[in-house]
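In what follows, structures are represented as structure tokens.
First subunit A sits with subunit B, and in the next complex the same chain sits with subunit C.
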Partner chain A sequence: MMLSLLLFFPLLAAIAVLFSGTRAKHIALGATILEFLISISLVFKFLPDGGTQFVENYWWVQGLGISYHVGMDGISLLLVLLTTFLLPLIILSSFQHKHKNPGLFYFLILVMQSALLGVFVSLDAFLFYVFWELALIPIYLICLVWGGKDRVRITLKFFIYTLFGSLLMLVALIWLWTQTPGNHSFELSSFYALNIDPANQTWLFWALFLAFAIKIPIFPFHTWQPDTYTDSPTAGTMLLSGIMLKMGIYGLLRWMLPVIPEGVHEWSNIAILLCVIGIVYASLIAWVQKDFKRLIAYSSIAHVGLIAAGVFSLSFQGVHGSVFQMLSHGVNVVGLFFIADIIERRTQTRDLDALGGIRLVAPGFSTYFIIVLLASIALPLTNGFVGEFLLLNGLYQYSTPAAVLAGLTVIFGAVYMLNAYRKIVLGEAAASTQSFTELNTNEKLVLIPIVVLIFWMGIYPDFFLKISEPSVKDLRDIIYSASGFSSN
Partner chain B sequence: MQLIWLVPAFPLIGFLVTSFGQKRLGGISAGILASSSVFASFICSLYLFFTFKGEAQTVQLFNWIQSGSLSIPFSFLLDQLSLLMLLIVTGIGTLIHIYSIGYMKSDQAFARFFSYLNLFVFFMLLLVLGSNYVVLFAGWEGVGLCSYLLIGFWFKNHDFNKAANKAFIMNRIGDLGFLLGIILMFITFGSVSYDKVFDAAKLVEDNQPVIIAITMLLFIGAMGKSAQIPLYTWLPDAMAGPTPVSALIHAATMVTAGIYMVVRSNVLYSIAPATLSFIAIIGTLTALFAATIAMKQTDIKKVLAYSTVSQLGYMFVALGVGAYSTAMFHVTTHAFFKALLFLAAGSVIHAVGGEQDIRKMGGLKKKLPITFAVFMIGTLAISGIPPLAGFFSKDEILAKVSMQSPILFYVLAFTSVLTAMYMFRLLFLTFYGGFRGSKEQAHHLHESPSVMTWPLVLLAVLSTVGGFMGMPTVFSEQHLLHNFLAPIISSPAGLLISEPSHLFEWMLMGSSVFLLAIIIVWSYRRYVSREAIPSLHETDMSLLTKVLYNKYYIDELYSAVFVKPLRAFGSFFQKYIDKAFLDGIIGGVNKGVVLGSQTVRLIQTGNIGFYIFAMVFGIIAILLFNLLL
Partner chain C sequence: MTTLIILTAIGLSCLFAEILGFKKFLHVLVLAGLVGALITTVLDWGTNAPYFNDMVLMDNFSLAFTGLLIILSLLWFIMSPVFFEEPSSKTDHYALIIFALVGAQLMASFSNMLILFLGIEILSICLYVLAGSRKSNLASNEAALKYFLLGAFATGFLLFGIALIYGATGSFNIQQISAYFLENSSQPSSLALAGTLLILTAMAFKISAVPFHFWAPDVYQGSPTVVTAFMSTVVKTAAFAAMFRLFQDAFQSIFSVWENTIWVIVVATILLGNVTAVFQTNFKRMLAYSSIAHAGYMLMSVLAITPGSSSALFFYTAAYSLSSITAFAVLLLLSRKSGDESIGVFRGMARSNPFLAGITIVAMLSLAGIPPLAGFFAKYYIFSATMQAGYTSLVLVAILGSLIGVFYYFRVIIALFDKETDQTSIESSVSFNALLLITALAAVALGLAPGLIAGII
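Then we have the complex of A and B:
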């Protein structure tokens, strides 16, 4: 029952929040903290070598082979933890804004949390799809109602893009369902057991790849992302970049690689090529950005491109690294967007050229900023390094040129991030930053957990690596036993 | 031996206390605290040195990164090489910390300065103590971070900030190579720990492509960190940082990390003679190239910076000919005299109120007698006057090179002539003749306080006697440093490291002393007797001088060839690929859908007769379709 509690508690809380008026934000914060504690209690019960745990399995629509089947292995657990850890921070960070209609705002965020968690624990394709789509609706509304000037056009683009991807996924899942023996079933395990011929694996690969690639996003399916990240309210951007994009990568790991391993083997070279092009492409664009939020958006494309490339390398370190880096990226990107938000709230601008000299007036803020920045450019002893090292390692095992090109992120990341830091924080104070105030308590409460995690994951990543290691091994076993390829 | 972890722990604690207590630490207490923490490390290092039994020891703290067959413990290795580096880093580090108390006394961010300095020492110790390449890399990037923070220490100045960025980014270019080298090493040997990799490498034949690839990639890292062609341009700009930083980080310790790394990996490099040849050539070119630039620089710190680049080149040449312990010898002596020269330059800059242009100095020897004396010692040491430290180490490099490549030998010999020329030019222009600064400055000229001069004197002593740890065979049977390092060195099999004949050594020493005497006299006449002060205006310069003064326009070249085109690509991608092309397609699909639905909408006429007709037509069509199948 623990997982159902975890899944539906935010939904219940959401309903309470909807009718709570001005106290909405506090109730929402309390609920997400409680939710985080529930997820922590699962960590204590979790056995790293125990495979899929906390399983609940009931028929939902028996005639169609649909069941309410949930469970967690190490990979799911880490993503659940990421979600429950970030949600209180996202809500707390939104305290700085006066949102109109707060009841609805926090209602949507909590619904979103349920849906995200559902995606990460579903073991039934139909259930997975329902949660996947359910997650889209609140974020769409959050961006549409509370977004920036151009929100209507941009959210429409975002919506059409992702809906298109979802549709492809639905077609693929239903086709897979038709292939299952007997009365048909949406069970993940029955998908794993299918023997699909190569021709079908090919179109399935592209259908699923597109669905997930749009979500992640992978070049060239990314153009919805910078606009949406830039124009959404900060809480929305954090939800999208911190957690929601991990749905795509998780989808690759859970619903694509083990289901159509031969298709993946056949076409992963093109997938990796796109990822790697995206790393260089997005980094170069990030370098010429003037808008700090947009710069982070493009840098995120580069970073997730590396994560996806690690997944497609299928090597142990690549897959393991991708799981770890999903967490690092989630923590760091939320930190970066929060910092962008702090700057924008205080100065009314995100233009790098209009900023400068913040260090003079707010050294404390500048220190938090550079720590998060260094983590995002993967300095050793921060979380970013562990993931990047494993990912590049995995990618190198797959192909030398891919690793070299992807490795350029090591250089470009430093270029655009330090450039932005120099323009925003260093130098003489600009007109916009003269009265820049130091962080208040609320803001510190958001940034301190992020910084703690940056160092914890960077100095002692073993805790996180150990949770996911057996699951990564199991995953690769399924891939390689099904495809008959050797696992070396 | 379990005490090893204490060595980096002291500066780490020092960093934490000075950074968290910045507001509470008044006066110079942060400086005293930071200096004591490094001094405590030095004492520990001394203890480790004297109790060292000759057996390398590894101390594992915890499991750092573990993924499948990849296992990276966070562990330290204590052996001859790390001990030597520990002593250099903590010993010179202590002196420079103490000196900084005087130098930075009036700076507002006094505590912040010392917290960065302590953090630097911590990372440097991590670098030399790590027992595998990834811990080394952590220290490697960590010192890079501190270098970045300290170059841009005075962050109000935009040029300084740009110099800091440049340093970090140039280093990152090298670091990508380094990182890929480490990964390739893991793929090849299944480990990144020194002991396992070296054991496995001992069974490998010479010049295997994969070994050449690994060693070359690692060397790319060294090119960045140790400022070799083509990644050297950040180091002269790094002089934007406070002078003690230039002494500690950009002369004595961090920039020699590349040499340390190659010596550490000597087992690998010895089975990759092709890489060694490449290193020797790069080192020689860098030594010569940087020395020519130093000839015409007018900023006291820039001259020393190019001199550092040039001297690092010498060290790489030594590595390139397989004389690893010779390179370490020069690392050690160079740390003494270059730290001395920089700190003395700092004392000069302190005295003339921040002026760094030697064209506006002159005649300082009477006002700054101690600074002058130690600067003279440093100059004599770097120029290779016997029996000062630089003489022994540099002659040893020349002797080793002469056994392998006459061409490189002549280039390097010529470079040492240049070295003496630019150093004496610097010495004479700064300390001799009449003072060329403002009256205001002349009035304030003063010797530095004793907190600054004592470290100078100690370094001067080390620069004088430091060479005795490695006397050539003509003087002594025992080369202390070689013997000490011998257990960790594996020389290339193909290159027989034979000792040059005694006759040759005498000739080498004799001719270098003779040449030096000529140079000193010539420089004295030019800069003191004839007062040939370099012009303040570029228009007065000859073409060659202008090119050298502008450092061969390499920065401009890099900007035109790399920076601008890449940024142009970024703008192009955004404007034409993201916006016009990709969004254009989406927009096109969008329009298509709208157009399609507008057309389909026309069918919904509201005419029931039409609907029935359409339905019947549809049913017939389906039936026909089924029949045909």
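Then we have the complex of A and C:
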């Protein structure tokens, strides 16, 4: 029951919000905080070694082997926590904007939350697909209605691009369904039990890989991302970068690696190659960006490239690091986009060259900024360090050159991020920053939890690592036992 | 069987309404009669009874489709009181629609080629007249003439086909035809094969599949909007029921003869329908091309000889027709004042008419096949039946088509949120709003609980 409550409470709240007019934002905030508390209560009930928990399993369409089957293991739990933790912050950060038609705006955000949570807890492929697609509609409308100037073209490209991937995934899932014995079933476990011959694993790999790679996004399927991030309203960008792209990585972990392990072994080198190219390529582009929001967008491609590379290294550290780094990236990137939003709202510009000297007028803001920024470039004691360390370690076990190339992200990241910081915060005060005001309470309420989490995850990562460790081990066992490859 | 009698009785009483002077109550009478017909259909469920010396077979397949056709007609009647406002032709409009429904029911329940032919003709002749029912309108006349000429042509093909098959098998009965083909499946006579292909041509015309679709855009655009709505829902559903029965019952044993032909038709229909729809600015014409594209998806079920394909087709026609009715009803409301039928009429509605905009979004998303709406499950259902039959490449084409479909369905959604245009709020009657709400909720309900009708056949 708890999971269904978690899944559908935001949906009920969304309907209430839709008809609540100007009070929408407060109701939405209250609902997401309540939702966060529900998810916290699940943490206390969660047994780290207990496998998949809180399971609910009912038939949805019995004749077709479709069921409403949800449950959580450690990996799901962490992503659920990420979602419920970030949503109140995203809503709070949007308080600074006066959105037209707030009822609809917060309605869509809450529907989105339901869909995202659904993706992370589904254990039935059909259910997973429905939630996966359902998440796309609200974010599309958020970007379409409240987005920037070129939103119509950009959002349509985004939608069609991701739908293309999703539909390929649908074909793959239906094909897997036709292979299940008896009356066919969409159960995750029945997919795990399949013995698929290598030729079919190959095309399944590419169909699923495309779907997830577009969502993540992995080079060269990332072209929708910078435009969409830049043109969306800040809340939309945060939802996309903070949570939605984790759907792709989660999809790899849950629906691809264990289902077609041989296909993954066969082709993971190409996947890692694409990831590494993406890391270097996106870092270089981020380096020359003048627009701060765009810079974060490209840096995000580099970071998630590393996460995906860690997954495809198929080593324990790599996969474990990817789970941890999904959390830290989610927290950090939301922090960064919020800071970009604060700057844009006060100065009306995101152009690095037009900014400068904020430290002189707003030292408090500059401190928060540098903390989030250092976390994003993986300084020790911050969350980014733990994740990148594990990821690079895992990648190193796979191949040294790949690890070295991917490791460049740390150096590049430091270069472009610190460079941006220098231009925005240090130096002479620019005309645009003369009247830069310090953070108000609302803004502090968003940034303080983020900073707390950055240090908590950086100094005591064990709390989070312990939750996911047994699940990652299970995952590894499934991958290696199914394919007969030796585990390391 | 009672259903057929009730429907015919309503049709006849419509004709006499003018003379006997109960015109005022006609609308209520028709609605009540349709509800009665629906009830008798439900009561007949599972009886599987043949009638008229095996000319009609009321099995669950035909009853399910009959029920769907009656429900669609009911919704259609709630949508279309405007159509009957013209005092001079009120009663014959009612009669024509009801008789068309009778034809549609025959098409869904025939087990004899003659009944198929009669059904198609009863349906078509009513529609030729209805298409031209705006007598002073040039486009309406053009639509009627085009529809009539090409329709008569296709009927010719059908009759030729039936005659040739009769020549080869000595029977009009589809069981006996099927038995003949089963016996001679290795070497069927060329007469029968030619007959099959002629019938295929005629049916492809009726469902407006490429390359026999040329009439559809003009007829859809030129006919009065309510008639177009009737054509793209009731008529299409009936035609598919007939085609499915014909090919999966009578011609199944010579599957290899028509397999490739239909395969090519499916690919062409999906691609051409979707691509051409992208370039339309007139909403009705866009829906016409989209209905061609949907015919392509539905035709996949004819090709997929698996136990689930009839259910898949039934679900698809239901989901598609419900959302089409929603779309046409909204258009009817918006274009009533201005007569403008371009996509532009939807501009800026999200702010001025949030209810209508919400309904439109549901309809468009369902037609585009986005979860969790009925249109998605329908597509999924057809795709999975097709994959089970082994046509993975066909599913890939269909997916490409759905992707193109997003372009034009989303154009409407984008227009709804247009910021520049200010629309005045549009008034509509309670029954009309109820209709919109019912069809939209049905699209949601069928998407969330597809089990309601997914496995009933």
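What we mean here is this: the second predicted complex is superposed on the first by the 488 of 488 C-alpha atoms of A that agree within 3 Å, B and C clash if a C-alpha of one lies under 4 Å from a C-alpha of the other, contacts with A are read in each partner's own complex, and residues count from 1 in each chain.
One rule holds for everything that comes next: a contact is a pair of C-beta atoms (placed from the backbone, for glycine too) under 8 Å apart; a residue touches a chain by one contact, two chains touch by 3 or more.
Quantities reported herein were computed from a predicted structural model and do not represent experimental measurements.
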| item | value |
| --- | --- |
| Side-by-side fit of subunit B and subunit C on subunit A, or clash | clash |
| Which superposed partner A:281 touches (first subunit B, second subunit C, both, neither) | first |
| Partner chain in contact with A:460 - subunit B first, subunit C second, else both or neither | first |
| Greater subunit A contact set [subunit C / subunit B] | B |
| Partner chain in contact with A:393 - subunit B first, subunit C second, else both or neither | first |
| Which of subunit B and subunit C A:160 touches, first, second, both or neither | both |
| Contacts of A:15 with subunit B and subunit C, given as first, second, both or neither | neither |
| Touching partner for A:177 - first (subunit B), second (subunit C), both, neither | second |
| First, second, both or neither for A:403, with subunit B first and subunit C second | first |
| Stretch in clash, subunit C with subunit B, out of 99-107, 207-215 or 441-449 | 207-215 |
| Where subunit A meets both subunit C and subunit B, residue numbers | 160 |
| Subunit C to subunit A touching residues, read off their complex | 308, 350-351, 365, 370-372, 376, 380-381, 383-384, 387-388, 392, 395-396, 399, 402-403, 406-407, 410, 413-414, 417, 450-451, 454-455 |
| List of subunit A residues in touch with subunit B within their complex | 157, 160-161, 220, 223, 226, 281, 284-288, 316-317, 320-321, 357, 359-360, 374, 379-381, 385-386, 389-390, 392-393, 396-397, 403-404, 407-408, 410-411, 414-415, 418-419, 422, 426-428, 459-462, 465-466, 469, 472-473 |
| Interface residues, subunit B side, partner subunit A - complex | 62-70, 134, 137-138, 141-142, 145, 148, 152, 155-158, 161-162, 164-165, 168-169, 172-173, 175-176, 179-180, 183-184, 186-187, 566-567, 569-571, 573-574, 577-578, 582-583, 586, 590 |
| Subunit A to subunit C touching residues, read off their complex | 59-64, 101, 126, 129-130, 133-134, 136-137, 141, 144-145, 152, 156, 159-160, 163-164, 167-168, 170-171, 174-175, 177-178 |
